[in-house]
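Have a look at the structure below, then the notes.
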Amino acid sequence: MSFDPAAIRAEFPILQREVRGHPLHYLDNAATTQMPHAVLNAVHDHETKHRANVLRGVHTLAEESTEAYEQARGHVARFLSARSEEVIFTSGTTSAINLVAHSLGNTFAEGDEVIVSDLEHHSNIVPWQMLRDRKGIVLKFLPVTNEGRIDLDALDALLTARTRLVSLVHVSNVTGAELDVRAVAEKIHAVGAKLMLDGAQRMAHGPFDLPTMGADFYAFSGHKMYAPNGIGVLWARQEILEDLPPFQGGGEMILAVTREKTTFAAIPHRFEAGTPPIAQAVGLGAAVRWIESLDQSRAESHLKALTGRTLDGLATLDKGRGLIQMLGPSGTQARMPVVSFSVNGAHPHDICQMLDGFGVALRGGHHCAQILMDCFDLTGTTRASLAVYNTTEDVDALLTGLDQAISRLT
Amino acid sequence: MSFDPAAIRAEFPILQREVRGHPLHYLDNAATTQMPHAVLNAVHDHETKHRANVLRGVHTLAEESTEAYEQARGHVARFLSARSEEVIFTSGTTSAINLVAHSLGNTFAEGDEVIVSDLEHHSNIVPWQMLRDRKGIVLKFLPVTNEGRIDLDALDALLTARTRLVSLVHVSNVTGAELDVRAVAEKIHAVGAKLMLDGAQRMAHGPFDLPTMGADFYAFSGHKMYAPNGIGVLWARQEILEDLPPFQGGGEMILAVTREKTTFAAIPHRFEAGTPPIAQAVGLGAAVRWIESLDQSRAESHLKALTGRTLDGLATLDKGRGLIQMLGPSGTQARMPVVSFSVNGAHPHDICQMLDGFGVALRGGHHCAQILMDCFDLTGTTRASLAVYNTTEDVDALLTGLDQAISRLT
Amino acid sequence: MAGDIYEDRIMILSQDKTHAHRIEKPSASATVDNPLCGDRVTIDLRLENNRVVEASHHVRGCALCAASATALCANAKDEDIATLIATGDQTTAMLKDGGAGPKGKFEDFAAFGPVAGYKSRHSCVLLPFDALKKALGARGT
Amino acid sequence: MAGDIYEDRIMILSQDKTHAHRIEKPSASATVDNPLCGDRVTIDLRLENNRVVEASHHVRGCALCAASATALCANAKDEDIATLIATGDQTTAMLKDGGAGPKGKFEDFAAFGPVAGYKSRHSCVLLPFDALKKALGARGT
């Protein structure tokens, strides 16, 4: 186990790239992380040596491909300290949440309640609004605090005997705030509701023990954890999954089909209709192993240090003018390396565009969190989000470029 | 435009592989085709040079990635002679059909009718059965002929004023039979119903003019047309799509989100919730260009010749014993290069396993078409399915191996 | 840096607030949104005999959008509708197909030439024209 | 070729139909399906004092499955239930973990050793044991 940012950078071919005459400073990791050789090679190796459809074939490639696919499931399960049967491959966080909104959601009755928060990504709002429109459920929103955290004090007042599900973002893609899961899980279970977490922004930051955390459902995407696009995971407790009806219908998820009636396969395959994203799963398996190979505590300190440097740097840039407004926790505790800010009089897209001229990749806009933007009366923010391959040079390029952009734009 | 099977083979790295001491004879193309360098490189290039999330970013990689993604959509549209807005990227055929079963299906009323056929893949049966269970629609089945074609004579009797949709397999993954779309489209439209085609098995075989064909919806998968897994397409007529509600909710498919109400983006993005399979779309774009680069008529003759050789070879092997039963059209007209057969007294899995020992990759079983198997009172067949890189050597290896397998197993 | 698209002329236009206000009782007015970035532009017009007497904008958007709105409203006075539409078309052609861009009174728009290389920003420059067209279309003459 | 898993002993067992019939009024009986390949096995047992008096099978499946059913039914006579279960466990261990496989009366099952390398076929060999266990479980003694 080691942690050497320079060596890590060398594993990511895209980081060798130049952008507009500058080295690439990729600070858009909350949107998508880059892929190391280990993942690229695992995918390439699979596609050029073992590619075949899975589950039903007896020829050598089909055996190898099936084995690789199910092994990837095993790797993900281990990463989460979960069982393989509890790991359902989806095409991403969004489709994982939609799966739950249909499979579980269709068991809800009119008047049943789902609680989300104002901090959610649209992926964890729209599926529930659509369920509301289909089923007549009640959708409630937990407010956010000034620090950009979900206001947990408001939970008691929202939970009722009709609450069926509370679905919250584990780590915000705008503020970086990390939810205190233990603080809410018990209360939620006490009223007989289930807890779902949107873990899209959590997974790049190392393995953890999901079953003991208190969540019942957990959704995430490969492309935000050094793995390919087009793959994601829904985890849920085995006993819950076993009782859930399937969502999509098709091949690979059936036991037997007649004109009149179809019986469905056991978990996890019941929820994986059609040919799954096989090479992408293999890539995800390689990505979790790659993450596991890092020294977790040093990775965490590295990212905390960079986050602190970013926060301090922005404060210094502001020179007390009150020009830069932070959207998120002021410190680095219980937060992931995502930093959002707005600059009075400067539009996020102009900032991002100017910073692109320095090779710095940022994201500007509502970050699929328009409700949150409305809460803070903003149309958007500029966001820098970090991954293990980022360095002080990346942060300093951001700060230097931002200084110039601000003086030009305001 | 050229067509040289040896040169084509050289473009597919996996075909250099050995299996159990033999060169690989990959005849499982109906399950998944292999990928040429052009596709592998397009994906690798994207992932190592341009990877970023799409649609909302202004930095260079995000611009390039968005451009590549939308260009891929353009390539697919051109392949189909369709408009870009009509091309919706999904994760595969199965999810494309499920999309329609929800988006369009949810507009159906109790007693409305959907017609499929006994020839369908489970992907085009189970979503409609699930819709039946959700909505109380009536699901009707067109029978199959002895030649393994949909019995179109039965259509008139099934069509009624309540028919809302007829969803049929364009090319069967078991019998290879190709549907005469023009023969049915007019009748279906005459009762005010729509026609959907499952084109999973059609797309590897070259571009065609989809809008004039008469279908209203068309679904297919990348992995069966030399492209990556995890990507597929739903095509539908623009005027139909514009009236359809979205299926999955999430990022990238909204105009504006508030707690109370969400408004949805225009087509095609309304149907592409969440981060799409970007690199996979780029791969699909490269695959359609690769297919277009072949001499279509020579590719077709090549595959017809190999199909004929397979059919003749099987007849010769049988030596008039009536041991080998063909499931599918007897000739090569209006069929794609998919050949299914059963051998009295020999189980398809034993045949496939023995053939694997000769390096021949076949598929055995029900091929996700259990209703069809029941029609012919079979539990499964053995299937050889061909792609442009197959050669007479592949077919001959199949026939030689099969001869030995039959004498050992029967 | 991407300073090439933020050249001085554009920064001056974007910060010029002379025409950044609402017109009371406009002959034509419309608001449009850019769903990709959440920007919003309102254009108000006072017209007489299909000629502009006064034009104003209200922009919640980026510098490119604000600069474009200023360039439009500051030069619209006395112009006829067809000229404004043509200016929009020329600007579009400049961004999408490398056209030369508007000349004469509206040559300010030529300053947006370098934006051609930044596809995601085209709509920022064109949004005021979208509002203009929507306003004229809804006018009901 | 993959002849290694179809060695002579297995082909002989698979084509041996001596025990391929139904028992009237069995003490225990069950049918199981393999969803992956659609194979189906029925095992009928006549038992006295927890010992097998007669065993038979009905197999709609592949050669491996038929051979396994024969190997089970042909040798089950006079054996107690625990031995049959143990034979299944030993066969499972042989396939999954490289165990030595059953010895003595049931050493026919050692012929399935090479199937260990073909994961998708393990269930073919084990399906008759699944039916056996289901039959014994459903017996209600």
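Worth pointing out:
A, B, C and D label the chains in the order they appear, each numbered from 1.
One rule holds in what follows: a contact is a pair of C-beta atoms (placed from the backbone, for glycine too) under 8 Å apart; a residue touches a chain by one contact, two chains touch by 3 or more.
Bear in mind that the values here come from a model prediction, so they are computed numbers and not experimental data.
Counting only chains that touch, the fewest steps needed to get from subunit A to subunit D is 1.
The interface with the greater number of C-beta contacts, when A-C is set against B-C, is A-C.
Distance between chain centres (mean CA atoms), subunit C to subunit D: 80 Å.
Separating the CA-averaged centres of subunit A and subunit C is a span of 38 Å.
With each centre defined as the average position of its C-alpha atoms, the distance from subunit B to subunit C rounds to 47 Å.
Each chain gets one centre point, the mean of its Cα atoms, and the points for subunit A and subunit B are 31 Å apart.
Each of the following residues of subunit A touches two or more other chains: 20, 56-58, 62, 254, 256, 349, 353, 356, 364-365, 370.
Multi-chain contact residues of subunit C, defined as those touching 2 or more other chains: 37, 118, 121. Residue ranges of subunit A in contact with subunit C, taken from their complex: 20, 346-350, 353-354, 356-358, 364-366, 370, 373, 379-380, 401, 404, 408-409. Of all residues in subunit C, only 33, 35-37, 118-121 touch subunit B in the complex they form. Across the complex, subunit A meets subunit D through its residues 55-58, 62-63, 66-67, 254-256, 265. By the touch rule above, subunit D contacts subunit B in their complex via residues 1-6, 11, 36-39, 60-64, 118, 121, 124. Partner subunit B is touched in their complex by these residues of subunit A: 13-14, 17, 19-20, 24, 26, 28, 31-32, 34-35, 40, 44, 47-49, 51-53, 56-62, 91-95, 97-98, 101, 106, 118, 121-123, 125-130, 134, 139, 141, 221, 223, 228-231, 246, 248-254, 256-259, 261-262, 273-280, 349, 352-353, 355-356, 360-365, 368, 370-371, 374.
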